[in-house]
Amino acid sequence: APALARDTIQIAGSSTVLPFASIVAEEFGNSFPQFRTPVVGSGGSGGGLRQFCQGVGPNTIDIANSSRPIRPNELANCKSNGVTEVIEVKFGYDGIVFASRSDSANYALEPRHVFLAGAAQVPQNGRMVRNPYTRWNQIDPSLPNQEILLVIPGSNHGTREVYEETVVHPGCHSFAEVKAMDSSARNNFCNAIRTDGRVVEVAGDYTETLARLDAQRNALGVFGLSFYDQNRDRLQVATMSGVTPSLETIASGEYPVSRPLFFYVKNQHVGVIPGLLEYSLYFMSEEVGGDGSPLEAAGLIPMPSNERRDVIRSVRARTIMQ
Amino acid sequence: MTPSDSEQTKTQQPDLMDLAQKRDLMQQRVAASLKRRHASEKRFRLYGMAAVTVALSFVAILFITILSKGLPAFWQATLTLDVYFDPEIIEIDEKPVRQPGESDGAFQQRMLAWQTDLGFVNFNRIILNSLAEVLPEAPRYQRDAMRLVTSGERFGLRQLVEDNPAIVGQTLRLKLLADANVDVWLKGNIDRSLPDSQQQLSARTRAWADELAERGIIRNQFSTALFMNADSRSSLASAGLAGAFMGSLMMMLIVMFLAVPVGVASAIYLEEFAPKNRLTDLIEVNINNLAAVPSIVFGLLGASVFILWFKLPLSAPIVGGLVLSLMTLPTVIIATRSTLKAIPPSIRQAALGIGASKVQSVFHHVLPLAIPGILTGSILGVAQALGEAAPLLLIGMSSFVASVPGSPFDQSTALPVQIYLWQGNELRNFFEARTSAAIIVLLALMISLNALAIWLRRHFETRW
Amino acid sequence: MNTMQVSFGEKKDNAAQAEHAVKMSARDVKVFYGDNEALHGINMDILENEVIAFIGPSGCGKSTFLRCLNRMNDTIDTARVTGLVTLDGKDIYDRSLDVVQLRAQVGMVFQKPNPFPKSIFENIAYGPRLHGLVDNKRDLDEVVESSLRRAGLWDEVKDRLEAPGTGLSGGQQQRLCIARAIAVSPEVILMDEPCSALDPIATSIIEELIDELKGSYTIAIVTHNMQQAARVSDKTAFFHLGNLVELNDTREIFTNPQDSRTEDYITGRFG
Amino acid sequence: MNTMQVSFGEKKDNAAQAEHAVKMSARDVKVFYGDNEALHGINMDILENEVIAFIGPSGCGKSTFLRCLNRMNDTIDTARVTGLVTLDGKDIYDRSLDVVQLRAQVGMVFQKPNPFPKSIFENIAYGPRLHGLVDNKRDLDEVVESSLRRAGLWDEVKDRLEAPGTGLSGGQQQRLCIARAIAVSPEVILMDEPCSALDPIATSIIEELIDELKGSYTIAIVTHNMQQAARVSDKTAFFHLGNLVELNDTREIFTNPQDSRTEDYITGRFG
Amino acid sequence: MSNLVLMTLLLMVMALAYQLGLTRSKRVAVTTNGTGFRMHSRPTYHGMLVAFWAVVPAAAIFAVWSLAQPGIINALVLAQLPPEFQPTTDTEQRILLRRLANLASGFGLTEEAADYELAAAAYLNQLHGIGRTLMTALMAAVAATALVLAWRRIEPHLRARNQMESIIRWLLIICSTVAILTTVGIVLSMLGEAFRFFTFVNPLDFFFGTTWNPRFSTVGTDGQTGFGMLPLLWGTLMIALIALAVAIPVGLMAAIYMAEYAPSKVRSTAKPIIEVLAGIPTIVYGFFALITVGPFLNQLGASFGLEIRTTSALTAGVVMGIMIIPFISSLSDDIITQVPKAMRDGSLGLGATKSETIRKVVLPAALPGIVGAILLAASRAIGETMIVVLAAGNSPVLTANPFEAVSTMTVTIVNQLTGDLDFASPQSLVAFALGLTLFVITLLLNVVALVIVRKYREQYE
């Protein structure tokens, strides 16, 4: 046979999407005897898109998972490498929760608390001063009397961006002094985190965050909802602005800290790599990703049916991103 | 005797006279220093012993930690059930048999159709029915009941039918793996006193699990799944190491057959043949430097050279093996060179003096003497490659692969990568132990490699 | 087929020799390498301030016996020594005896030159420094110079004391080793074929040195050169197949051997 | 202070010697170790089937010159040889010449014994096997036995041919090396102080062997033992400070040296 | 005929050629024996030479053919397609060829195939067959010709050994170029991306900046600051130094003990056990650090009134030190044992104690080798990634306090490459600049080390 044959779908990308994509891949391989089980790699959304956009051919991946939409310059880069036909598939939502060890105190957080706990500088009486807070109850008496130790995703994670945009910025912008700044100064100010060791950036995955909580009782960590869900015995979740994160509150948008999840299909490989389109449609089917499905059990927040129908239609039509 | 000689003798004469006194004095001084020196000797020896003890206790602590965590994972909660392959549920045609004169493609087509039919059979119903035999309540609370058995078992039953359609209509006593959470619950890896909201299983499933365990229907049995299966995400309890093991094995073979000979060959060239000049200096610096280059950089190299340039497949042991070979190469070269350096030149001279050529003196005399050292170096290198994960992440080997690779060109993971993947799995209660189990397998593999090497080393050493 | 004429150096008269005390003695010394008995029970007295030469055919155990005298056999894993060896009447294999002090008292020069991979200066300075024999750099310089002078090496190396000792020619290396041994002023010096790598000039320098030293040192020298034995030694011991066949005044041994094996050996009829 | 009497072995008469063809010759041979000139232009003819001895004080370049004759200096990185060395009239430093073949023709025995870490048998068998000198095991056994016999080692080792060569005593080891060199029947044999580790018996065995061989082999021997030179050699070359001072019939050199340095050296006045 | 069969056949040809060469050279030897002339080379060398010539050209043909065949066949197949079905773009062409390949092999196609495709697939199959046959025939012809030519060259004067040895020498040279090619590959694979990075960020800011805090490219396009690598460099060095401070004393003393004091039984057991430390995957160490060592150090510090973070330079350094112990102990042990016994005898004979002998004679003699071993260990420490990822705390701040969290260059490379970052942004490209810098640093270190070792060696050789 020709040397370049490949009949296994090759997927890579976001570590958030990895568990979902893996489950789909395995079920897909088990359900369709004519297709081999796709191979799902991780490496982060950026890493996946990098591989995805390296070109077309059997030694490039067919699908990139991403926990954020592809950026315009990435798409441009793709095109310049010959990856001209990209199909975008949005398949659900991911919630981001704050959790502490189940034997530690319970937190009822506001975005403002989180900002004040982690910022390098905080506004105080109209001036910016070095973050003076060392215990949560200094920020707000309603919070537990515990050392501040915030374990957040490293800046290489998409989750960090969501954390900043949906929690830190709202908290930060609640100060008048901040509102007065110009937009870029404001961004820089809000994103600056303290470097005295009270904020730990985790570059690895949530297991590492969990390990840090294991090692330090008073730590408060940022997790994906699905991760929290499977470790409920060890973790207790914090409420945000009074809302407890759950499938329902996130799907309804009541709980603010969430984001959509995507995968990108290389249309030029459809028909060449067997089962590529079938996999994408299988992923989107109600049976796999809807209510009561294995993906939901794994912690994915399903899309509303109408949204799902639209996506399926566009996949069938192989709608190319422009 | 020349005049200068006798003069010298004269000047030494007085010196000789006090020699006896001087010696006495010196012996006293020696005696005076003895206590201090013996103390320092003892101390030195003690430091040495302490160092060995410290190093050994590090090994011990590591192993005890890992073994105590991982050993329980070799046994898994397993249900023993009578499964009735109900023909009412399994409504399929005869398994196609190849007709004479039928083309490859056509037969394949018919087979596929049959397999697809089989794929539509609801094997979960069959499992539920056999659960109902032991738990009459099961059909009423289907969801809770199905949480007892890991979801992948339905494909196991399908495979049984596919392999032997004759079992349809029969009842077989089968071992079905319990769900990962059931295993966690029964092993007590989750706090049993936690409220419902913090448990993974419903109260009913938990009660059933306890009941079945009491009745001996669920028992802890040695987990063949761990060794026979590839990784799994949808049926966590059946996740196994077979795929990663094969991947690692293939890469090891590639490293052994590439890095070791090439490394030894270049060491021989550099040490025995190469003229000592700027160029060889450069090569030497370059090799030392390669040994220092972070392994992750080799990953970058592999991704851009082997995958983009040579168009080798992603996630394949062949690429992993090549990358690890390049990584191991400097280690092998350096170890071999230092061994070669230590072989006394008189051996080479002896051979050359009899009329052996340089090549002959090297291959007949130097190399055989160097074998123990080369083995030590190579094994350190291969063992290091066996445990390396970082560069594999960049060539797509950190993927989820649900099948066992059949060739080095198939997609695969490796043991350290599997460990990395499992340690990152969400279901910590189950995978903490399983990760340690995987580490135990990796270590066992590595130790047997080392043992082999030690045996070889002894074998060659005892000859002289 | 070749004739060999033996000539003796000037010896002190026999009466003077008789006064010498026993410096070292061996009683029924056996040495085993593993299961192989290399020495079969040696009895010997070595008198103070005398030179004793050990001669005998290759492999007869000369080196092995010599190494018993300062317990260098301890460093060979398979070697085992039985019997009694004394220095000044004290059993040197006694547990209370310190092997370090023993070796400082009983120095050794080996068959193959073995300078340390250090500078010439450091090679000599090693022993005195080790035992704390000198207090300052000046004394050390002095010891180094006098040791090198006695070994007849000073003029050749005085300009390159910092050069590595391993860079010298074989003969120079051996003389360096002799100088190194002298530098700690031992009471007994054991020499295992010290001249086998030297040319006659260097050999005669060493022989002169031995002559000079014998007033105050006890010296045991293994040599394969019977003329050398005859020239330098007061006593000669003839070994054969692990046995001490004959021990006597050198003149006696060479002119009037008692044992027929000795006679055969020294007249070259032996083989 | 010691007298030394030289005696000569039976020599062929001078007329017979004159017939000998030139086997090897050196013309203006200089050797440099790095920038250091160790030999300052040596001119010498070595006649076929003769024994030539190289004498001279330690470090004068005897070994260095010897190593030029079978290009063993090639193996020292820093060493550089200029000038012309011929074997049977052919330049041995010529590019077309195969150095391996050269060394099979010009064998070598080294100063320090260097047996291979193999069995005694394998040590001897290596050369014949390498050069394809034997066709079967029987022949090989024969070669091994005869070589060991000639080196006077057979009786000592015949029962333990499979024992490691490195386990022999120093003297035995050197004889093993000589046997190994003989086993490939070279035309010229270079010996660098081959007897420096041997006792007189073993030495005389080797000396006899040299006598035996000189009918059919050309032998160059470095020795620090002038009596040995006198006994075994037809010609003697005296080296001093990297120069060939004098080369003449051995009898002439020892009885009637032309150069005052030679005379001083052989009479022991030299230092 | 599959490639495997072909390779097996080639091996058989090799064996045959060897035998032929061997027999002929023996025959030639016999015929010349009478004349008293010796063969230049032993028969085995003639055999090897013939075997070499019989196989290598054929193998070269195989390699070239295998590379060229797919392109030629594809061109031929495309050429015979009806003009209306000619693909217009590259992509179309690739897809079509892939379909044809699937059709030809009979697997993996789910859609209906058009007639022209079926015809083309059949043609493809036919071409494959022809190609295969041609190649096999050519290989056979070349192998046979070369074999015969080489065989006939055998004569007493033929310098078969010299030729074989120069072939061996070339093979050795080729092997030693692999290491060079690897370096070239590494540099080339990073250089381009690193340059792209420097179009975004001023090199001065990168090399001498003291803050590391690269932001997302979306967060303000002018935010190309915070790319100062000094904190990373410092973190790398600090951890490596701590690791060496753990590993050198333990490793070296263990080596000395095993080589000089321990009975051989202890040595032969302890050495491999300690070597196990080198084979434990670094990811295991990482978790060991995080779960066991970190909390332990933290408590230890607390009992001394020190605040040691569970994830700190110290934690990572200590665990890394444990990992590299065998690199120092095993290699040093080998090197120490190789110091000649005569050297020890000389010292012991002067009355030195064992430890004095070791410290003053054996160790100095072994030093170049030991320095080599330490360098190897140091380079492991500098290049180690996984332990630091888990145990160092990932806090790229300039601090002199080893009890604080730090970050290293390797960790940052992984982070920047495997995260969610836009891969064309400086945030991600910086990984290549870091990789290249790391490469240059280790290169410089090595050059310096080499010079030191050389100087030392010259002094004592």
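Should a chain be cited, it is by its letter among A, B, C, D and E, assigned in written order, with residues numbered from 1 in that chain.
Operating definition for what follows: a contact is a pair of C-beta atoms (placed from the backbone, for glycine too) under 8 Å apart; a residue touches a chain by one contact, two chains touch by 3 or more.
Each chain and its UniProt protein: B = Phosphate transport system permease protein PstA; C, D = Phosphate transport system ATP-binding protein; E = Phosphate transport system permease protein.
Just so it is clear, the model here is predicted, and its values are computed rather than measured.
The minimal number of chain-to-chain contact steps leading from chain A to chain D is 2. Separation of chain A from chain E in touch steps, taking the shortest path, is 1.
Chain E has its Cα centroid nearest to the centroid of all protein Cα atoms in the structure.
Between B-D and B-C, more C-beta contact pairs are found at B-D. Per-chain CA centroids place chain D at a distance of 48 Å from chain E. Centroids built from CA atoms put chain E at 18 Å from chain B.
A straight line joining the Cα centres of chain C and chain E is 55 Å long. Our note on geometry: chain A versus chain C, Cα centroid distance of 83 Å, whole angstroms.
Among the residues of chain E, those in touch with two or more other chains are 107, 161-162, 287, 291, 351, 353, 356, 414, 417-418. Of all residues in chain B, those that touch two or more other chains are 30, 37-38, 357, 393-394, 423. Under the contact definition stated at the top, the residues of chain A that touch 2 or more other chains are 4, 34, 42-43, 57, 204. Shown are all chain pairs that touch, namely A-B, A-E, B-C, B-D, B-E, C-D, C-E, D-E.
Looking at the complex, you find that chain B touches chain C at residues 8-9, 12, 15-16, 19-20, 22-23, 26-27, 29-34, 37-38.
Put simply, chain A touches chain E in their complex at residues 1-5, 7, 14, 34, 42-47, 49-50, 53, 56-57, 66-68, 71, 73-74, 77, 82, 84, 154-161, 164, 183-184, 187-188, 191-192, 195, 197, 200-204, 208, 211-212, 214-216, 268, 271-272, 274-275.
Within the complex formed with chain A, the residues of chain B that make contact are 112, 115-116, 119, 151-152, 155, 190-191, 194, 197-200, 232-235, 307-308, 311-315, 393-394, 396-403, 410-411, 423-429. Residues 1, 70, 72, 75, 77, 99-105, 107-110, 112, 114-118, 126-127, 130-131, 164, 166, 177, 180-181, 184, 186, 269, 271 of chain D are the ones that touch chain B when the two sit in their complex. Against chain E, in their complex, chain B makes its touches with residues 30, 37-38, 40-41, 44-45, 47-52, 54-56, 58-59, 61-62, 65-66, 103-105, 108, 261-263, 265-266, 268-270, 273-274, 281, 283-298, 300-301, 303-305, 326, 329-331, 333-335, 338-339, 341-342, 357-359, 373, 376, 379-380, 383-384, 386-390, 393-394, 415-416, 419-420, 423, 439, 442-443, 446-447, 449-451, 454, 458.
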